[in-house]
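One chain, chain A, appears in both complexes that follow, with chain B as partner in the first and chain C in the second.
Let's turn to the complex of A and B:
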């Protein structure tokens, strides 16, 4: 477990945001939650998060656009997609576009933690955090 | 595109259909009143076209028979008259002969025997044909005639034995008187008989013409009697065929007092309508299942959200429950309940659509039906990011129909529009009263590519589809059109290629007073929200 990694969580379901924040924080991550695609895009501009977790279907700006924005800015940042329905096409498309992995709803906090941990491990392997952690 | 309800509500179909549709017996299905209609068709006393034809021909035969009998009788009477006229002729000739000899005798004293001889012959003729004389001249006259002849004969006998000139002179005068009366009566009788014969011949010439006139009149009556029911029934069956073609399967009810060959046709048509209606229902059902297949993808996605929330919350409660504070735990439990309710509502919506409930006609609130339909298609609408615009006036009158069927029509129209719309398109639903008397018009418009003109004519045909293989059944609009016709309304389309299409649902405004039923009234509808 690598504490201090910053995770940007994008989901329009407030409960998902709250629960995943709790789960990730307990695992030692720092979590920022965005409930709209637009605010998420704005945050990506401002700040380099270590890991991005986004729902595919949010609003006018969907998860694929967020993935593209992250990849355009920082291609090495692992981006994990959450899909409402796991079909082979969605998964294939997500991975083809450079997603780190995808999760199909419904999932357990453990499932996400496992993927996020893997992403964190990959970042560490590559040579530490993408950027210094801010704050405590 | 078939006829609008404007034509439909004309006297040919309107009131009859309406009264049946709004009757409590009718539940929108041919089966329900079909058997009642069949029983009523069968219960009437029979008076078939065949019976009418036999009756009419029988009357003609009878009339002709009467004419023949009369003609034969009449001819034999003429024959008799001709024969008697001969006798009367002979009688007159004998009397005249007798008088000639009588004159000879009175002048020259000769031929008395001859006079007596001829007078006797005349008397014998009168005796042989006495009945006939009586009937021609009357009993009184004929008695007078024979009296004259008898007296004449006696006088002729007397004069031969007359004692003196004076007595002879008296007898002579008497003979002349009786002789003259005899001749006059005989000629009168003959004349009368001739006049009678003339009258009969005149009648014999006239009667055929009169008969012909009467026959012509009777033929007109017989034509009406036989042809009218046939022609009337044919035109009625034509209207039946038209309305059946429009998908209105209201059974044929008796239109006349008697049962005939057309009643059998009506029974057959009723049977056919029931069969077609059954197949139509199967079609509706199978299309509904296909439409549900489309919905299910959306519902699955929709359902995943509350399920995900529940799973995340429950797992967290189980694993980290000890570490959480009281308010946080309370909030999580609250979330579990509300998310379970959310899932239940989604499932309920789908079930409401899928459930096969008895078709029921009632007064419905259109706004509620559209709201319910939009909730059902909500996920598809959100996925496509289509803008929905509703223009429903506040004071919409209740409409007459079946909640499920109407919901299906609107769902079909919305799903169709969603299929053709690009992302961020627009669907506009607009209700309007007063466009057509007794109907509420609901436009479902999109700003998609529109429908080409050559497609418009076929758009309501079953199995006609413009969607790629495997995407559409080609039944949606056919089924919707069938449903609207069955509900006494209509479904119309107009489109400008490139500028979208508008489907207009014409709904009969209800005439039944009473409470308006709203959709989603089942469990898990509004009360859960």
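Let's turn to the complex of A and C:
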């Protein structure tokens, strides 16, 4: 994995943001955390992160909205969804809308790291940072 | 009190129909999504179960425990809501958690494929092809979910009282017809069905209490309740946690007596390459069903040294992670849902878990000594099945080593040890047994026929005087009695095996 990939992490639970941020930063990623859907949407408008990791249930702007926003602006950005409330319908919808992967809680930081590494590797394969990426 | 379960897929109108029914009947309506959210909040990893279905992963033993807890949660929720005013529940197959409650009105809602594709395109903004694929995938996931949780085909009309196609009839008209049907005597709660509901509710609460206690949360148990008498059956591997069960259940309102029994026994299956598609697995499963036994897989690896470690919970309690305090993020050191690395073992374990017969998995490198060292000698095994082992040693050496392994295990464990190729001939009824059954039955009948036809000469022969004759008569009886016993005994053995009576 090439260090320096920027990850936008969206989760309304501070403990989740803190733990995942620590794990990703330790692996060499640069992480920005948003605790609301609205602030995440604003950041997506302003800045092109390499990878987006978002919880599905955040607030009035949910993870699917964030996925849609990312795909509308930069379809090549891998977006990983995480949730404690996974159902087959939500998972299939996320994948149909172009999510890179879908993780059900509870999981370990290293489980997320594995998926993020896979997304980063795919970005590199597709022409380096910022290059096009596809879901699995 | 009325209980109606509406089984629905995606975009078939089941939710709208259920809500219309509840409104007309004046009873509460509960959606699956509400129940599963509540289960997740209660600490049950429903999302993990759902994702195992999406990813087509076999269930690990940890997920098998979560499955039991989820089923108990849904049962308890439905019973609680239904027993006051009645309930309309809409979800996948809610009625399957209420077995024995006969007045449950079971409605299956479907819609035409094209109408569903149009709905999916409209709601998700997908192209026609993507919408079609989405519907197919979700349908397959739900089919698989029902199979994994209840081992039935959720789309089979046998499971329902009515199937309604909402592409052909409006929600309002369907609701009118179904409200009229719901008034039929067949769908009215009787004292017997109310009692069945109370028993199910108590059993579900007990199951949840076992799953919620730190000491017993990894146990795989079957809980039954009958007027306050709760019986809990647990697997041999959970014997360390089992003593805590009575004290947990005695606290629960409605429990008068607790009876805990260990599931009868374990079958130990030793194999080098565990193949889920081999003939051995269904045969072992059939025997396990007959004996109410759990199947423990021991993968024997060739050579010496460390073998693949058994996954969490394989030979002890499944590793149920504690997630309450950390927002669903575990420590990296926690072992969750670690499946065997070997694909064959993984798939085989999944099938055993689905059948409720998984008794753990371990991998051992070496031979009989290493196997015996690895076994928990306090486990009660009823049968050891030795499949193909030592295959790298050449045919004759492998046969000799297998025989020696079987001998050592039989001596040490004092239970029958047989080859996997002997399972059918020893414990099951195969095609060749029809001939044996007929032959032994015919010969036993022939002997009886001859004895009763020629009673006078036989009696005369037996009663004739003289030492020589008496010795001859004794010798004849000496030969006849075991011959008849053998023929009749074999006939009875095959007959019982055919009838699956042990």
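Assume the second predicted complex is superposed on the first by the 130 of 136 C-alpha atoms of A that agree within 3 Å, B and C clash if a C-alpha of one lies under 4 Å from a C-alpha of the other, contacts with A are read in each partner's own complex, and residues count from 1 in each chain.
Rule of thumb we're sticking to: a residue touches a chain if its C-beta (ideal position, glycine included) is under 8 Å from a C-beta of that chain, and two chains touch if they have at least 3 such contacts.
Model, not experiment: these values are computed from the prediction.
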| item | value |
| --- | --- |
| Chain C versus chain B on the shared chain A, clash or fit after superposition | clash |
| Touched partner set for A:20, first chain B, second chain C, both or neither | both |
| First (chain B), second (chain C), both or neither touched by A:47 | neither |
| Touching partner for A:73 - first (chain B), second (chain C), both, neither | neither |
| First (chain B), second (chain C), both or neither touched by A:96 | second |
| Contacts of A:108 with chain B and chain C, given as first, second, both or neither | both |
| Touching partner for A:84 - first (chain B), second (chain C), both, neither | both |
| More chain A residues in contact [chain B versus chain C] | C |
| Partner chain in contact with A:126 - chain B first, chain C second, else both or neither | neither |
| Common ground on chain A, meaning residues reached by chain C in one complex and by chain B in the other | 13, 15-16, 19-20, 23, 84-85, 105-110 |
| Chain A residues within the chain B interface of the complex | 13, 15-16, 19-20, 22-23, 26, 57, 60, 84-85, 105-110 |
| Sites on chain B touched by chain A in the complex | 297, 300-301, 304-305, 307-313, 315-316, 319-320, 323, 332, 335, 339, 383, 385 |
| Residues of chain C defined as touching chain A within the complex | 10, 33, 36-37, 40, 45-48, 50-51, 53-54, 124, 126, 130, 133-134, 137-138, 141-142, 145, 321, 323, 326-332, 334, 336 |
| Touching residues (chain side chain A, partner chain C) in the complex | 11, 13, 15-16, 19-20, 23, 83-89, 91-93, 96-97, 102, 104-110 |
